[in-house]
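Chain naming follows the written order as A, B and C, and within any one chain the residues start at number 1.
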Amino acid sequence: MIEDLVVGLAGSGGDGVVSAGESLLAAASAQGFHALMTKSFGSQIRGGESSCRVRLSTRKVLNPGGVLDVAVALNWEDFRRFGAELPVGPETVLIHEAKAGPPPADFAPADRMPREVIGVPLAELAKASAGTDRAKMTVVLGALAGWFGLPRDGLDRGLQKKFAQKGEGLLEANRKALARGVAFAVEHPLISPRTLTLPIRASPKMICDGNEMCASAAIFSGCEFFGGYPITPSTEVMQILARELPRYGGVVLQAEDEISGVGAAVGASFAGKKSMTATSGPGMSLKTEVLGLASLAELPLVLLDVQRGGPSTGIPTKPEQSDLFAAAFSAHGDVLRPVLAPTSVEDTFRVTVEAFNLAERYQTPVMILSDQEIAQRKETVDPIDVSRFELVERIRPTPEQLAAGYQRFSATPSGVSPISHPGMEGGNYLAAGIEHDVRGAPTASGAVHAAMNEKRFRKLAPLQERADLFEIQGAANAPLVLVSWGSSAGVAREAFALARARRLPVKLLVPTLLYPVAEPVFRTFFAGVQAGLVLELSHQGQLYRLLRMFVDVPRGVTSFARSGAQPFRVDEVVQRLAQAAETLR
Amino acid sequence: MNTLLAPNDYKSPLKPIWCPGCGDYGVVQALYRALSAVGRPPHEIAFISGIGCSSRIPGYTTAYGFNTVHGRALPIAQGVKLARPELLVIVAGGDGDGFSIGGGHVPHAIRRNVDLTYLVMDNQVYGLTKGQLSPTSPRGLKTVTSPMGSLEQPINPLLTVLAYGAGFVAQATPADMPGMTALIEEAIRYPGFSFVNIQSPCITFGEEEQQLKAHKARMKPLASLGHDPANQLAALDLARAYGTELYTGVFFRNPSPPPTYDVLVRERQVELQRGEPRPRSRVLDNFPRS
Amino acid sequence: MTPVTGIDFERLSLRDALDLAVLIEEEARDRYLEFAEQLATHDTPEVADFFSRMARIEERHRTELLDRRRTLFGVTPSAVDRRNLFDVEAPEYEAARAFMGIRQALETVLAAEVKAHAFFSEALPRVKDPELRALFQELRDEEVHHQALVKAELARCPEKPDESEAYADDPVAQ
């Protein structure tokens, strides 16, 4: 009996591979499994190679998994185009369209060649049962159900959802195709059978991706304005909000370019509304100047950067974690801007709410660094108890403060000065990107400039004490560490559990708050530490570098980093931890 | 006549950085008077600008001002208006701020037609940075960045804005204070994107023949030519003379202004919010559940 | 292009005419105050002081006229206000210059007085009421008198143009 199954499907765009993956995801979820699905495509808009991975488990799924347990290839060319994204091994059950013939000689190195390879006459079976070879993937789903104990009612419900509206005949036909696939599996049992343990009971779950979760969290947080521009892989956030936000009285503007999008959002914030923009790397670069304006004018703003392969146009469809430097530092001058990073779809809700709260409380732009994997992978998410989230509003001047002669940028002990907005009588002020005094009047005085910089930095000082924005697991005095963020943290968490099971003296740190670097938290964490890894997907190992700027990182803690589109695997992380453990005194 | 809102109620104590003799002094004076005539209190006015000498103007008024970044005043102002449509929104900047770095935003602000008024102080030069070429500088003009004479044709702001379909396009000069005051007031009152190109000369870097004395001699009120502002084609024709003639007055005023973007957005919100109210706390209910 | 709008001179009352005269002086006063402030900010202190003095002179004219108005008509609300005026006696903004000299400043004042004189001269034919005509004539003649004063000061000024500008630093880019 197995508790975890990773299925990889690959074919051409017209085969409905992703659609099948979604059915599998939905079926698994209905049965009570936790599940996660990622997709990957070629560069054509339609009809190019297409693949997906579905991982289902009775336990929470932390990452898309490594080597496939099951690989389904509708043809060899398309499957092989995905290379390291669909890794196979000796234990992989390799299922293929029989017509495609056996795997090519160089399909995998000898030590990674699957031992169990099954050719299924998918087109033939589809034609015979459903009347068309287009129902190939439905046959595959049936076969998977038969071999691995995947839930049939769930799959059936999935078929209903997909085909009921498209004509009664189609539903019936596909039901037959499903049954035929099951029959084939029964007739051709696996050499090494494995059946999924079914979850004890099915609990209701949401199925959504990171972009949907972010958009929903923004609505929850009270966002009233979104200004943005289409850019892969963040566009869905704008699309969802375009449909939903007006229902809550908000406004969505697809602007003429990235700069205009964030500009409009800053204008809306100046007008007193919670506002947001979303983009990816190239847009981040364009928005830089306006972000600086928001920082100088001390205006709240949430900016979601769904990181993708960079630099420049890079690889729009793959994840990477290489915008951290840009998120922290871009915008000339001494600017301090909080940067948060979610680690999963579920986490995106909490992090987005926190971003709005920080933006409002500290009157500053706040960055959310998501990445293409989290943003576009579908995950089952247990219901979120939203009642435990507090929502923060910007502090506004009281009638007394307005009557006494309001100073927008007054020197307060906390550094946060009450903020008025157009429409508020008595609160008139000049907001500007130019340096200003307490009233907002432009100034070139060095003394005033220093005081204002100090104010703008001081107001963020409480972030240094936000231990709640850091996940730490393991014994406090463990000498070996694993640090990771964003989507890589999903791999790190699983590797940590396995390393601990192997008795490695390791502790884990996953920061939600990446910048400013919370020095007290890291100092405590690194005290007495001898070795470890900082795991992240960027050529430079940006978090590692960032930590070393602000914290004494023990010499034995090294960067385990590489360029995006090559996600980490749990086994290689555990191996590196084991190697590091050998250096411990 | 609301005596509580005299022109000086719109004047802030901040001392302008403008050189004595700058055309912008006339512009801001006309603006005080226009705003007094319109009668909205300063706290209901949002005055957005870019970067440049003329972009300093919001700080010299008592309205809520926002000096933003070079070329981006129009998008930021649209965000302000869409977030709080009840505000009176005015945008100001120079010819460089508006038609050079900001040029990409002009067509979209016009076609979107958010209700705001855009005042461009056009002096054919970059004053704040000491006299460089600007997009409206005439061909052949010698400046610090075109020491041998500009090789570029200038942009024609009037023709550009008219061609993009703006519903109110006018030109003014501080050489005619009553005329300019009336035009600014009319532009503010126009429901939709309104544009006033103000020939406001720079006495430090501008050409001698562009100064206000020359304006007084050259300017021709469009009304005196018998121009009908409802005639868009005639307006386009007259606008072609930018640079040669100094026409003042209304080139075009759409006789049937369409509903503005902000009004349409509001109508849609009202429509969508009919029926069952959806509290934001229940937003996660939208997701499919198994 | 008239510097006064919205006023029908043929029907103008004495009270309103006095109010108009008061506002004309007030407008000039405010403009000289603005010039004084601009020039003080732009390092031209001598002429800034000169314009402050001009502002005080205009203020004196204003209060004289206001006293007359109050004697005759009390404090009944005025039917005219500053919105009817556009630089009748106030010098135009373009007249000011950083580093301007006294001669230039005096020429500015002179031009303003000439303008005001022209206004009253042009208005006179339209004014029918004898009391009003008398007032306008008086105001016109006052301007002539002021012009004479200014010309006298100009005569005392050195002929050669002011050289302050030549000593000033180049403009600064911001």
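For this structure, a couple of remarks:
We take it that a contact is a pair of C-beta atoms (placed from the backbone, for glycine too) under 8 Å apart; a residue touches a chain by one contact, two chains touch by 3 or more.
Quick caveat: nothing in here was measured; it's all calculated off a predicted structure.
Comparing per-chain C-alpha centres with the mean over every protein C-alpha atom, the closest match is chain B.
Contact counts per chain pair peak at A-B.
If each chain is reduced to the centroid of its CA atoms, subunit A and subunit C end up 70 Å from each other. In whole angstrom, the spacing between the mean C-alpha positions of subunit A and subunit B is 43. The distance from the centre of subunit B to the centre of subunit C, each centre being the mean of the chain's C-alpha atoms, comes to 31 Å. Looking at subunit A, no residue sits in touch with two or more other chains. Of all residues in subunit C, only 1-3, 5, 34-35, 37-39, 41-42, 44, 81-83, 86-87, 92-98, 100, 171-174 touch subunit B in the complex they form. By the touch criterion given at the top, residues 12, 14, 41-46, 48, 51, 56, 58-59, 62-69, 72, 74-84, 86-87, 104-105, 107-108, 265, 268-269, 272-273, 278, 280-281, 283-284, 286-290 of subunit B touch subunit A in their complex. If you check the complex, the residues on subunit A that touch subunit B are 26, 29-30, 154, 202, 204-208, 212, 216-217, 219-222, 224-225, 227, 244, 246-251, 253, 255-257, 259-261, 263-273, 275, 289-290, 292-293, 297, 349, 380-381, 383-384, 386-387, 420-434, 441-442.
Across the interface of their complex, subunit C is touched by residues 1, 6-7, 15-17, 19-23, 25-26, 29, 33, 36-37, 128-131, 174, 176-179, 181, 201, 203-205, 211-213 of subunit B.
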